[in-house]
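I have a structure here, written as structure tokens, and I will follow up with some questions on it.
Going by the order they are written in, the chains are A, B, C and D; count residues from 1 in each one.
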């Protein structure tokens, strides 16, 4: 019964201090909207980057004179390494077919090739592309192997770029998170500051700190919750109207602004809204509840 | 003298309503910090994307039998087109040299090539890469020309991606701009709402609307200005400690978080701060200045 | 100076009128006490004259101005003709006592020179020459009330409205201030005081308008507080 | 019930003490008038008893509690023993009159049942049974004051402090309320009333403590308001 009274107080106060409630709710909604949308895009981008990184492969050219059994044994060995995801064997014939395909506009040149000078090769893909150098080093110098190629320069550049993209993304998520938190706390503080007389009056008629704090806390959480729900609705709307079109127009990329991610994000936003609302009102009240 | 009085009033009020001023200033600073940093990164990224797009070229393979004068005439003609930035002639010999370079690990194959089967070509770079299809179409079917290549698929994908990146960037800038504006207006409104009694008292002792509004307006602009300056300082700090390191680690890309851009950004932020501050207090006051 | 014709005021969402069918004529230079039990409509009467609120029906003229049909932007000019002591003081909380009084002069565009001269003078008149630098929250109830009086008087308005101006003052100070009001009135200012102070009304023998339940029940030249019956 | 020993109160940044060397003993069940000119320290006296402020030096005991050394979290329990009518009413602006009165009961954890019974009763006692649903801003000055009185009385506290409780009330209502205070006092409540109302003090002949410039200048059993000399 007492608890229901506190809830009733919080709801009445939410309604009667409508201007301040509106301000707090809008602030929560706007902050979480920006944060949520950015996180949504950033997480999708992260998936995309990961799929790019996965495409990094090691090409191992085999000596023509290596016997087939040894090559097969090598393939099995490589597959057994824990870093390796897959090993694909490209025979000499396949290599030639690819070469001919590439220069099909230049028949003179293809005709000029005597026999098949191209070597057979392995194409090795890794579980974590970061290990590419280590695996490549391990392969070099084996007697069956003529040359190991993994586009050292390109791979290093790719990783440098993905690292920076991830860093900037993280920086912005942290910054947006911090800014959202601060802005919401500031707004709720201001709203409670405007009511500091009320707080001091309540104290003067004998209300204990918790008796005063609880309705404010519930009110803050209510504002946070409503704001988060508004943000989620807007994000959903953006997702349906905007992101899905983008995913379609970039269908050649493994991009998906997925519903799963959206659900996880929504849950996080609701928790964030509730916590920030509670935090904001607690911080704001602390100053006015001294003695 | 009257004007100086209004300034004095605004400054005194800024100081005496310290909690509210702090709230407004922090809100401006945080909002503009996020907006400014994002715009900074987005504009840099835009430059980078543009430089990628510029790398799109048209390769025109010439017939071996085309006489040298005609080829030269064609080159001059192409250069004269307004879409074209540069035309580079690659002779048969140069093409062969490049081919040999590429297959230098495979001497058998190079040796096997009789004479020089590779054609001469033009490499055409455009002022605006969007015109690549149009220019390519215009070249196709000419008698001196054997084949026109511009990696249609890659170009289309590239443009699809850059378009989406730009769109998302713009979306976020607009969203951040809107959110910043709203959040600042909300905070200033709330701060003035908390002082609505003051406004009504001023009216009751005969103050005209402008007499009340001017100090609030100046106060809002002051808060906006201080907030913007704080944001600029923080952006500068981030630029020096973070972005310049990034630019170094990506030295292989034409990336620069330049001082020029920073200056332009700072000027925009200051103007934005002043305007939003003025706007916020005007909107907030309008409600309390009726009758 | 003040004319009310059939003025009725209903507050929104309340069925009882706060004032009903009020007809009053006040000449320039009169001194009037407005009396009546708590909730009888005295403050409402004053708020109507200040155009803080508008009547539901009826006509009001103050200093020759048709209050009802006044353009909103002209309202400040009406109010500059009226000095008002509010029942709840209505001091600006972020200005010191001095600044609160000075504000009434700044609104009129008076020069700093004039302000620096007149403000200490009026503070002395209400006995607060040493408290000018305090903020309202640092003043006692009676001191706040006297600052409110000082602000109403400082620009020598032709009309002075005072709502319970001595509710927080001791009898000696109250009498002094009433003597001050009387002096100002003798110099030509029209004075209207809403009050519960029987002693004061009975001793001064001015015109008394008595309200009850929003209606005028008595309008008496050289009247007394009444109501002991 | 109330004991003050050498209590002196300086407000921060002000060189004059608001109260100086106050020694007072009040027994349970006494009725005391606190009088003195505006600014003499009456409100400061009451704020000290409520522990709204702390004295600069001295000791204060209220209802057996050492106010100075009271732990902050125990302050509400002290205040629940004291009903207080504030000079500026201190009503919660976002609660209706009824809710303001009910709040004093809710603070004590009284059941809704009790609240629904006692609140209308006390509103009737102060003559506001029909105004309970209004917000403070919709009440007249005197009505607000009576709501403040109702809130102070509703939980039958052992101590009643009243700061200028009749400043906005007409003489008839004032006398009624004083009779109410007297009745409550007879039932055992200790009552302390700070007032400027000479009529009331003189007619009731209770103990009078007179302050001047923060010092006690008179402490008289069955005293009068004084100060006409």
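Rule of thumb we're sticking to: a contact is a pair of C-beta atoms (placed from the backbone, for glycine too) under 8 Å apart; a residue touches a chain by one contact, two chains touch by 3 or more.
Given the structure is predicted, the values throughout are model-derived calculations rather than measurements.
**Student:** Just the number, please: Cα centre separation of chain B and chain C in whole Å.
**Tutor:** Distance between chain centres, rounded to whole Å: 62 Å.
**Student:** Distance from the CA centroid of chain B to that of chain D, rounded to the nearest Å?
**Tutor:** About 67 Å separates the centre of chain B from that of chain D.
**Student:** Distance from the CA centroid of chain C to that of chain D, rounded to the nearest Å?
**Tutor:** Whole-Å distance between the two chain centres: 28.
**Student:** Give the residues of chain D that touch two or more other chains, as numbers and ranges in rising order.
**Tutor:** none
**Student:** For chain B, write out the residues touching at least two other chains, lowest number first.
**Tutor:** Residues of chain B never touch two or more of the other chains.
**Student:** May I ask you to sort the chain touch graph into line, ring, star, complete or other?
**Tutor:** Contact map by chain: ring.
**Student:** Each pair of chains that touch: what are they?
**Tutor:** A-B, A-D, B-C, C-D
**Student:** So in the complex, the part of chain D that touches chain A is made up of which residues?
**Tutor:** So the residues of chain D touching chain A come out as 50-52, 72-73, 75-77, 79-80, 82, 84, 86, 90-94, 103-104, 106-109, 111-112, 151.
**Student:** Sort out for me which residues of chain B touch chain C in the complex.
**Tutor:** Those in contact with chain C are residues 1-2, 5, 13, 16-17, 195, 197-198, 201-209, 211, 290-291.
**Student:** Help me check something: in the complex, which residues belonging to chain B touch chain A?
**Tutor:** Within the complex, chain B touches chain A at residues 19-20, 23, 26-27, 30-31, 33-34, 37-38, 41, 105-106, 108-109, 112-114, 117-118, 147, 157, 160-161, 163-164, 167-168, 171-172, 175-176, 179, 182-183, 186-187, 189-191, 193-194, 242, 246, 249-250, 252-253.
**Student:** In the complex of these two chains, what residues of chain D are touching chain C?
**Tutor:** 11, 14, 35-39, 42-43, 87-88, 131, 134, 138, 140-143, 145-146, 163-164, 167-174, 196, 198-199, 225, 227-228
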